[in-house]
Structures are given as C-alpha cells and as structure tokens.
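Labels run A, B, C and D following the written order; every chain starts at residue 1.
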Amino acid sequence: MRDACPWIERYLQVRAATLELAAPLSDEDCGAQSMPDASPVKWHLAHTTWFFETFILERYEEGFQPFHPAFRVLFNSYYNGVGDKHPRPQRGLLTRPSMAQVRAYRADVDARVSALAARAGSDAALAALLTLGLQHEQQHQELILTDVKHLLAQNPLAPAYLAQPAAQPGAVPAPVQAWQRFAGGLCEIGHTGDGFCFDNELPRHKVYVAPFELASRLVTNGEYLAFIESGGYRDPGLWLAEGWDWGRAQGIEAPLYWQRAGQGWSSFTLHGCQPLDLAAPVTHVSLYEADAYAHWAGARLPTEAEWEHAASDRRLQQMFGHCWQWTGSSYAPYPGFRPAAGAIGEYNGKFMVNQYVLRGASLATPPGHSRPSYRNFFPAGARWQFSGIRLAR
Amino acid sequence: MRDACPWIERYLQVRAATLELAAPLSDEDCGAQSMPDASPVKWHLAHTTWFFETFILERYEEGFQPFHPAFRVLFNSYYNGVGDKHPRPQRGLLTRPSMAQVRAYRADVDARVSALAARAGSDAALAALLTLGLQHEQQHQELILTDVKHLLAQNPLAPAYLAQPAAQPGAVPAPVQAWQRFAGGLCEIGHTGDGFCFDNELPRHKVYVAPFELASRLVTNGEYLAFIESGGYRDPGLWLAEGWDWGRAQGIEAPLYWQRAGQGWSSFTLHGCQPLDLAAPVTHVSLYEADAYAHWAGARLPTEAEWEHAASDRRLQQMFGHCWQWTGSSYAPYPGFRPAAGAIGEYNGKFMVNQYVLRGASLATPPGHSRPSYRNFFPAGARWQFSGIRLAR
Amino acid sequence: MRDACPWIERYLQVRAATLELAAPLSDEDCGAQSMPDASPVKWHLAHTTWFFETFILERYEEGFQPFHPAFRVLFNSYYNGVGDKHPRPQRGLLTRPSMAQVRAYRADVDARVSALAARAGSDAALAALLTLGLQHEQQHQELILTDVKHLLAQNPLAPAYLAQPAAQPGAVPAPVQAWQRFAGGLCEIGHTGDGFCFDNELPRHKVYVAPFELASRLVTNGEYLAFIESGGYRDPGLWLAEGWDWGRAQGIEAPLYWQRAGQGWSSFTLHGCQPLDLAAPVTHVSLYEADAYAHWAGARLPTEAEWEHAASDRRLQQMFGHCWQWTGSSYAPYPGFRPAAGAIGEYNGKFMVNQYVLRGASLATPPGHSRPSYRNFFPAGARWQFSGIRLAR
Amino acid sequence: MRDACPWIERYLQVRAATLELAAPLSDEDCGAQSMPDASPVKWHLAHTTWFFETFILERYEEGFQPFHPAFRVLFNSYYNGVGDKHPRPQRGLLTRPSMAQVRAYRADVDARVSALAARAGSDAALAALLTLGLQHEQQHQELILTDVKHLLAQNPLAPAYLAQPAAQPGAVPAPVQAWQRFAGGLCEIGHTGDGFCFDNELPRHKVYVAPFELASRLVTNGEYLAFIESGGYRDPGLWLAEGWDWGRAQGIEAPLYWQRAGQGWSSFTLHGCQPLDLAAPVTHVSLYEADAYAHWAGARLPTEAEWEHAASDRRLQQMFGHCWQWTGSSYAPYPGFRPAAGAIGEYNGKFMVNQYVLRGASLATPPGHSRPSYRNFFPAGARWQFSGIRLAR
C-alpha cells in the first residue's frame, strides 16, 4: 500500500489548494458570474469535482451512485459525450446548490477518490485519469483568480481579493531589454520526456524555424503607456482590421483594468486599485492590442514554434510566472494529433479554430503547472486573462 | 409624544415584513439577478432603505452623514435628480456590500428614521414622505416575491421558496362565471378621500363610460388551457400584430412557468413545481396573451375606467388579491396630472409611455396596499408579475 | 352606364398620381430600401396594385387569373388572412420583378379594375372596396415620399428628389402664436357624415373633455432650436425615461435630417440640403422629442379627443397640410370598434398597441385625404414621417 | 511606342471582361446588396475604377482632377490610408451615382489610364501598379459572380443569371478517388519566378512537411449527401465546438443554396434552380462543415503547405477551376512578410487574423488568375464563395 500514498497526498494537496483560493471570499462572491466567459467560483469548485466523479468514480467505483443526479448536467462544462449541460451564461443563477452543499460534494468525492487512489500505482489508466483531473483542477485554479478579479472589478467599491499589501510600484525595476538572436533551422517542438502533458502538446514534431530574435523580457506597462500616449489607439495603420473595429466598437483605449487617475493611471488588481507599476509587465491586453503594439515598436509577435524553441535559453527573462504571452500562431492541431477516445477527447481538440496560442505562465498559474511545450489559447479579443507581450523580429 | 407611537410602530412593522420575506433565502439566493427587469433581493432591501435615507434622513436629520457614501449611487434605482446610478443589468454583480452589511444598513437607517418619526405627527411633509416610503417599501415587497420566483424558476433543481404545502389543485373550485352589466355614463375615477394614494391616481376626474359588461370572475387556468388546445397560439388572426411577432420570436406557447408534464401541465410556483390548478385564475400572461385570449373568447379587455367604475360592485369576485388584471388602457397622465417637485417627481410620471395599466392586486400584494384607484403598469410583454385576465364586452 | 364614369375616372386619377410620384426617380432609386420600416417605391407601386387584385379582382372578376402567381406572396404587406408574405426587411432585394414588369402589372390591373368599376354604381360592396383601395393607395403616396426622402438622405451625395427650388427660408413668416381656450365638456368624436372613413375612426362616441387650451399654430424650427440650445437634449428631467434611453442609445441631438452647417443648421429636404427655415414648423421629431419639448415649454401634448374637438375652430392654424401632430393618446380601439370581416379586418385593428396617434395631415398627404377624425399612428420613436408638435395645456 | 500596346490591350481586355459580367443584369440587379459581406455589382464596377484612379491617375496624371470628388469616399473599400469610406452595409443604398454614371466613370478612367499605359514599358513602378490593378479587378470579377448569385438566391422567383442551360447532372462523372502519398520533408512554399503575385505569397520560404496523403479529387455532392443522411449535422462529436454552435444558431442542415425538392435535393445556381449534381464537387460549405465532413470521413483538411507542395503533382485532379479548397491553416504572414508602403500595404496584411486559407481556384476565377502559391482567405463561417473540400490524412 506504500505506492498509494503519493497519489492520495498529491490529490488532497491540489484539491485543498483550490478551496484555499475561495477562502477570502463570501458565499455571495462565490456565486456571481460577471460575464458569460467567466464562471462563478462555486461553479469552478463543483465542476472540478464533477470531473473526478464523472471520469473516475463512475468508471472505477463499484456500485457507483452519483452524489446528486442533477449535478451531471449542472456542472458539465462542454462535454457533449457526457450529455446535456446547463447553459453557460446562466451559471450565476444557480444559487442552489449552496456553497455548503458544494463543499459537501467536494468532501464526498474526495473521500471516494482517495479510497480508489491507491490503485493508481498499479493501474496506469487510472493514474492517467487522476493526473489529468489534477491538471484540470489546476487550470481552474488559475481561472478562479482571473474570474474573481473580473467580478470584483465590476464593483464600484473596488474590493480587494487579497488584504495584504501589493508590491510597491517600481520596487522591482524592469530588467534591461535586449534582443536575443536564434539561428533556428530544422528543430522539434512538442512535449518530450515522461512527465504529464495535454494531448494538444503532442506529437513532438519537426518544424523549420527561420533565424529570428526574441526580446529578452516582456513589454512593460511604461512602454505600453508610451504607445498609448503616442496615439496608438487612434492610428488604424497599426492595427489588424478586425482589431481596429473591435476597439472602436467597444471604446477601448487602454488595457483592461487600467483607469485614468488624476495625471496618471491606476490599475485594478487582486489587491484592489493600485497605482500603475511602470516597471511591471503589461497584462490584460488582447491579441489585437499585442499585435498593434508590436507593429508600433517595429517588431512582431513570435510564433509558438519560435517561443518554444527559445524557451530553454537562459538569457531570456520572464518566460514563466509573470504573464501568458500572445503568439501569432493560431491554435491548430500538431501534425498527427490524436485526441483521446470518448468524452475526454473533447478536452482540447474541438477548440482548435479562431483562437490564438499563448505561451509561458502567469502569476496565477499554480506552481508546477508550466512547461515549455504548454499551449494556452484564447480568442483574439480576450483580455481578462493575465496576457502580455514579448516581442520578436 | 403619544402621537409618535403609531408612526414608529407602522414604520417598523412594514420594514420587518420586508426582512421576513428574505427569511427563507440564503445570502446566495439574495444576491442573484435572473434578468435585467428583476433585481436581487439584497438590492431591494438596500434600495428601500436608500429611499428613506435619501428622501427623509438627508432632509430632516441634523448633521446627516450617509451610512456609506457609495450607496447613494449603488442603490439609486432611477432618480436622475439624485445623481448617477449603478447600471440596472449589473445589480447581480454587487457581491459587496454583503447581506450582513445591508442588514446593518437597514438597522442603522431604521434607528435613525425611528428617532425622527415622532415628528411626523406635527409635520405633514415628513408624514407624507414617511408614508410614501412605506408604500414604496410595500411595492418592493411584491417585487421581491416575483423576482425570487423568477430566479428560482431558472434553476433546474426547481427549488421551492416556501416549504409548506401549496393548496391542492381544485380544492377551491372556480366561482360561477356571469356577465355583470353596467350602465356607465359620466362618472368619476381617480383617488378620493383622505387616504394615501400615488400621484398617478390623481386628480380625480370625469370620464364618460359607455354601457359595458364585466366578467364576474377571472379567467381560469382551465379556460386558458382550452384556448391553448384550440390552437390559440398558432392563429395570427387572434393576435395583435406586435404580440404575434413577440410570441413567434420567443417561441411562446403557454403562460410563463407552465410546463408540459406527461399528459397534463404543471406550473412552477413559490411552493416549487405543482400540478396546474385548473380552477385557479390564470397568471403570468402578457398583455398580448390576455388580448388574444379575450379575442378568442369573443370579448375584450376592460378599460381602466370601466374597471374602476365597477370596482365597488359586490357581484364582482376576485377583484383584489388574486392577480393583477390587464386593462386595454395605456398608462397615461390623468387630465391635470402634476408630479411632485424634485426627484420624488420621477416616481411615476416619467414612465407614462408604452406601458399598460393593470388593476386590482395579487396574492403577493401586501395587505392594505390595494384600492380601486390603484394603477399598476408594465410593458405589454411582461409576464413575471402575477398578471391575469378579466374579460369585458 | 353614366354612373360608372366617375368611378373609373376617380380610379385612374389616383392611380396615375402614384406613378407621377415615381417620375423623378430612376429604376435604381425605386428598388432600394433604406431601413426595415421603409419600403422601396417599386414595392409600393406593386403592393397597392396587389390590393386591388386581391380584394377586388379575385372576388369580382369572372375566371380570375392572377397576373403572376408569386405576387400574392411578394406584395402582401401584412395580411395573414391572405397567406404568406415576403419578409419586410428583404423588400429591397427584389430586383425582379423589374420596374418595367411592375408597370405592366399596374397597367394590367388598372384595365381589369376599370372594366369592373362601372358596376360600383349599383354594388355598394364593390364601391366600398374600390374606395378603400383608393384611400389605401393615397396612404402609400405619402409613404412613397417619406421613404424616398429617407433613402436619399442616406446618400452622401444628398440628391434632390425635386429639381425645382424650395421656398426661401423665412419667405413665409410664422403666424403669431396664441393660446385658444376650449370649454370641453361631454362631446363626441369619431367620424360622422356620409363620406369615407377608416374603420378605426368609428364608432362616433361620447367622450368627456376637461377644459383646455391649444396653441394656435405649430412649434417652429426656431422655437425647437431654442430648446436644443438651452440643453434640452442633455437634461433627463425633461424626458420620458424611455425617451431618454432612446436618445442616448442613438446619440440623438436634433430632429432627423438636421445637420450642423457652419454656425447654423441645414436640413435635408425633398429639394436636397437646405438652410433651416426657422419660421417653418419643426418636423421629423419622435413622440419622445415632442413630449420633452412640450415639457420644456411648460405645456403638454394634446389628447386626440382634444385635437378633434378643436379641429373645426377657425382660430387654429396649420391644422392640416403642414405636418402630422403627435398626440399623447395611445392608439386604441374606440368603444364598440368592430374591424371588417376577413383579411380586410387586419387593416387597422391589429396595430392597436404601443403606437401613438397623430392628427392632422402633412405636406405629403394627398389632397382630399385629410379630415378631423383621421387617426394616423406610429411608434413613439418614429421620425421619418412628417411629424411635428402642437402644444396644449 | 510598340511597347505600350500590350499594356493597353491587356488593360482594356480585363476591364471589358468585368463589364461583360454585368451584361445579363438590369440596373436594378446591379444596385442591390444582399448582405454586408456582399457588394452591389455597381459598387464593384466603381470600386475597381476607383482603384486605378486613386493609385495610378492621382500619381501619374499631370493636373489630375478626380472624376467626381465624392467618389474617393464612396468607393473606397477599406483603405484607411486614403481616408474616409462609406459604410459597407450601406453600399446598396447608393442609388446615385446611377449605373449610367458609373459606366461613364469607367470610360473616363479607362481613357485616361490608356493614355498613361504606354509608359509602363519603361516605368517599372507604374507597370507594377497597373498589374496590381488588373489582378485586383479580376478578384472582383469573381466576387461579382458570388455576390450576384447570393442576391438572386434571396429572390423567391429564383431568377437565373445565365439563360443558357446548365450541364446535365451526372453528365460529367466524378473521377475515381485515390489517395496520393507525399514524402514531404524540408521544402519551400511561396511564390517563385518572375510572374505576378500578391504580397501575401511572399517571401518564398522553407517549411518542414511531414509525410501525408492527399485525395486525388474533391469531395462530391453525393459524398456530402451521405454525410448529411448519416446524421452528420446532428452529431456534435464531429464538429469543432464553435462550428457546432454556429450551425445550431443558424439552423444549418446542408450547404448554402441546397433545398429539399420532393425526395431529393435541388440547388440554386447561376442557371437558376437545378437538380443536385451528385457527381460534381460540393461547394458553398463553410470551414466548419468542411472540417466536420473530414472528421466524419476519417480524414482531415490539408495544411496550405501540404496543398502547395502537392500542387504540381499530375495525379491530382480538380486542383484549379472547380472550387476553392479550405485548408486547416489560418491566414498568417509568411516569415519575413513585408507589406508594401503606403495605403497599398493595406491590401492583404491587415486581414491576417481569424480567417482561413483556401487554395486552388473556382469556376468563377478568371482565366490566368490562378497559381499554386495563391492564398485566398475567408472567415470560417463564410459560405457564399465557391468553397469546397479536398481531404488529407
């Protein structure tokens, strides 16, 4: 039984980390949905539990009985193979089940999964599902933070998610910016090694990369402010046509969460409203804005192959842990891509159209959840993620 | 000081009744907003408090300090004269202030208003504002019930607001239907007497009413079902053109909250999902549906003058306390109508376009809040109120 | 056979007048539709012909064969009793049938109706249908002008419909404005006499009218400009709530067709763009604007009963022939209103919701088509008709 | 002067071919716009003329005077560098200038360009602009056909653009389908040689292509019908998530222009409504449908690199001249892509987001306008182009 311990421990640790993210929040905070793209925290807590119940307990538990029969539909995100699903824009109307019931749901499923987890040492399929479920949980940990931030930002009281003080603006100066040159050539991208990866990172495959340069660090708030002040949002020549129309239609003049404050700017953060830190990487920009900025700076966005090819280079800073970095690559299957069989196969593949790949990891990404081959993806207009800019040329 | 007692008592009683309506609900239930037309219970609790704070404390309390400066905007419903207001469709995103804070807000304002209320015995203007505030509070008591019903109806779990059992379908048989004849002539409508009324019920004025007949009771669910089963929703000849388009665009085939259940029908109620009571008055129909039904039945809707003229007739049943009754009268100012000066004048007058008058009172109307001259009003497509049909010809 | 002559003559005269309106237009001009509310001229020409074909030839002509079987659907405006209809917003896509074919359609139907018209002298039902068809045709004559004006106004070239010069601004000074007092009382409105009227003008009925005053002339462009310049479009206190939202959402700051031109204003007219004539009646305002203006001027809009009651008063100027005058009365059936049997009954009755009555007649109304009991009606936001303001108080 | 002849001849020949496309159409046909994505024929005729006037005459003609000063805005499609532009959805409202005036515009510009064209023999920049203008004109020749087809398809009369009979269904049997294998490897794509290409085909660059197979011919209507009949439009498992939602929202159950006809299907064509030709390539499908079909068939769409790499293979049929072929490649700049300086640089680059590349050429593509490196592009939901499917695996 020794083998089982690491699985259970790992499982309970990840699950506990999720609950911890909800700790600073009231039940009311956990129930609201600020836009169709975002979900209530309570829904995240329940959906990640649903994932273990549906894909593990239902298969492995003898005499399986669902915790609540209606939850199969209520907390199904997008798996048509599992059946019906509650309409996404109405997740915020589910005042029942209560937070207390969802906590009970989590506790029940945790106990039952823990009872099975020991078997994972000798059952590779179970081990794979457990691992997937935990990686999935970690993805939702990041979404909890981005969705809570978006919700609190809609509130004129500008409440802080975290009470402790944020870093002082400028306390951490921006690293010096340099251009790092790469020879490229015929190289390989895609996951390699024994560790976990999502299906969309496979198969590892050859790709030809022309010589290129990558900025050694991310674009800062200060640099982005110069773009704004030089009229960047008013010059259609800098923008993709669709991006220009998008910005006009929505009256966009700065990154999401920026607000003019007297002579300067402030920005809404998880610590509440804060003076803009000019030295920190710019975040909460869309692909359209990232592309326009790059154009203005005489550069361009990297492709995902360039980014991954360069990811191991020591000279590059802020690759992981600051913000996701838009690439110019649309989200598409790698040559030879094969999604898993059954409903689990809907995890990634069916989203491979009209989205763009982001690389790296953000300050909201759980430790251990990032790697060079990781492919995050969002539509070109998405801004509520921690998304920033690294230039290429 | 004897005089003060009835004011304080009355004030505290109405205010307590509002809180009681929230008793069966969790904080989560109280925060959600199911559509822009409806408001969260928490918002109702805060807005009614804001009304007393803004229109009474601010004028009468020495050294007035607002409970919270941001509340002036957050809980302003539509009074431009008071200043900015939080966007209506975003009321459900105000997870802060919390329910606890809103309860504290109520308690604080209640204490301060109580301290002033004694003066109302000798200050007619204060007495009038206190009365208006309490009538306003009672209107929101009804809205709390209709809005909660709408919210819970969106939940696939179909939760009941009230645990106690509903009346058995058919337990109360429908009264016999008869046509009551009225000679009409030159008569008067509008409020009369010393009691309270809203400004839109004044001035009492002459109106000529041609001879007419009114149904002695409301249209029942059973009768409305016959309309459905005879194809009423599929025959454009029965409908106002706008009503026909409205029904087609929204796929409407029955009153709001009706659901097919096996061979029959059930209906979502404050007691949860219940078999349809064929003897009970039909409710949750729009003006369009009411008009089409009347057309089908060879009748028409009454005008508000007819309704009010007949309201004192003893032969008429179900005039008050079952459901609001659509009239064919658009909501318009009475001849000589004068709204109050200042922001309070926005209470009624500015809504007098593209709405229709409903008369009577519903099961959700607080006791003592109904009278023959009362003018309720909603757009022709509104269905979430307890709105029904009394025929005329 | 002597009797027949006036019918044929009258018929051909009205029909010819319609074609004359299309004379200044190219086939291209006649085919375009500038918004769903407006129709192409070609469609008007065909639909009025369809009216005679469907409601007269089909009933009275032996061995009736339709001119083209598809026209029954293509040129049906809104008569569900006749069957399917082409979607209104797509009328501008009907490049076939061509204008030439539609002219041929008119000629064919004209010949066939002329052959029948002689019978109208002895067949009252036929006479009534012929009369209705011609009144209908005249209504569309006015719509042709308002719809062409709207179409040409969308064109940056600002083309003139009429080549001849417009009246010089100020050439006709505004009459002196006075308030005319009316005692009101129990009076009658609705059509009376032997002449033609639409079903919505009947039955004539008693109505009680309180004493009132009516402005002796219409509000002028100059007076309306003063409202604009005093900030009328920026003061929510003057507006119906729905009107305020309407104006904000659409960025409305002046009547339709007004444009700032240097220091002053110009206005797009059937003669092209012209300097604003300050002495002429303001037109192309919505009910919302008319109501806000009246509020600003310390007055109100008349009810339709007031207007009709006063219509025979010689002291009142500009009652007919300048512009339609918004009333505060919603469009509703008169007591005892009975629409005609069959599809013809859809002519008026089914539109009696969420529209407001306009009285009078405009410069685009054909001679002989106006009378005191005439009820025109449009939604509160409509502006492309020649709609203006007469004040009451 | 001998040198000049070929330029003038070529110019006049292409320009005449455009006018010939309008020959079967009335002025009314030429003015209508069936949706914002499509343009009136008259607009195409004027815009292509505007292109020569703006980019050639304005630079090269001494004492240049525009044909009409307003045309600069009216017929600017999307060049922000040139200035304002008339809103795209309102192109169908431009009944002025008339077709006659637009023909005069064409004649005038043709004469003036012809007078300059001789210089192109010795002026490489002028030669390049002339060539670009003619290629641009040819692109609009194809759009004229797709836009006219879409317009006529909206007409219940289903008018034929071409009077002559269409090919008999099945008259041309489908070629045998085979899978052609390609070894791939490090290869080059992008335009090569001296001939004309658009900037988006450059620079030619290395790309690594894994081994793949390509279908020897296009998917036929008959094969696509089997997909429909097997429930392809009702199985979410076959679809990209966005494609599934797109199809549901629009009620899509077959390619554009297909209609059920008795037991079988017909299809609206430029020859009017015709029985579906089961042997012909399926066209008028979106990327979503193409991808779902490929999924159903156990295959996938080719990448644009695969397609171009294979394009010279003699075993492949129907590569050009039947229909454009969706690829799985999003439209993105080639490595090292540089748009032209000035407004001309807006031709292609700014559209490189959220569009997908189509390769090949259609029956509507003018002769001489196709080549292996040609990159056509449309959004994933576009269906009114002649777009079909070639499978890969």
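Just so it is clear, a contact is a pair of C-beta atoms (placed from the backbone, for glycine too) under 8 Å apart; a residue touches a chain by one contact, two chains touch by 3 or more.
Molecules present, by chain and UniProt name: A, B, C, D = Ergothioneine biosynthesis protein EgtB.
Please read these numbers as outputs of a predicted model, since none were measured by experiment.
Distance from the centre of chain C peaks at A, each centre being the average of the chain's Cα atoms. Rounded to whole angstrom, the centroid-to-centroid distance between chain A and chain B, based on C-alpha atoms, equals 45 Å. Chain B and chain D have centres, each the mean of its CA atoms, that are 58 Å apart.
If each chain is reduced to the centroid of its CA atoms, chain B and chain C end up 37 Å from each other.
Counting partner chains per residue, chain C has no residue touching two or more of them. Those chain pairs judged to touch are A-B, A-D, B-C, C-D.
Only residues 26-32, 34, 42, 70, 73-74, 86, 90, 92-99, 151-152, 154-157, 159 of chain C touch chain D when the two sit together in their complex. Chain D meets chain A in the complex at residues 78, 80-81, 186, 205-208, 210, 212, 236-237, 239-244, 287-288, 291, 300, 328-330, 332-333, 335-336, 346, 350-354, 380.
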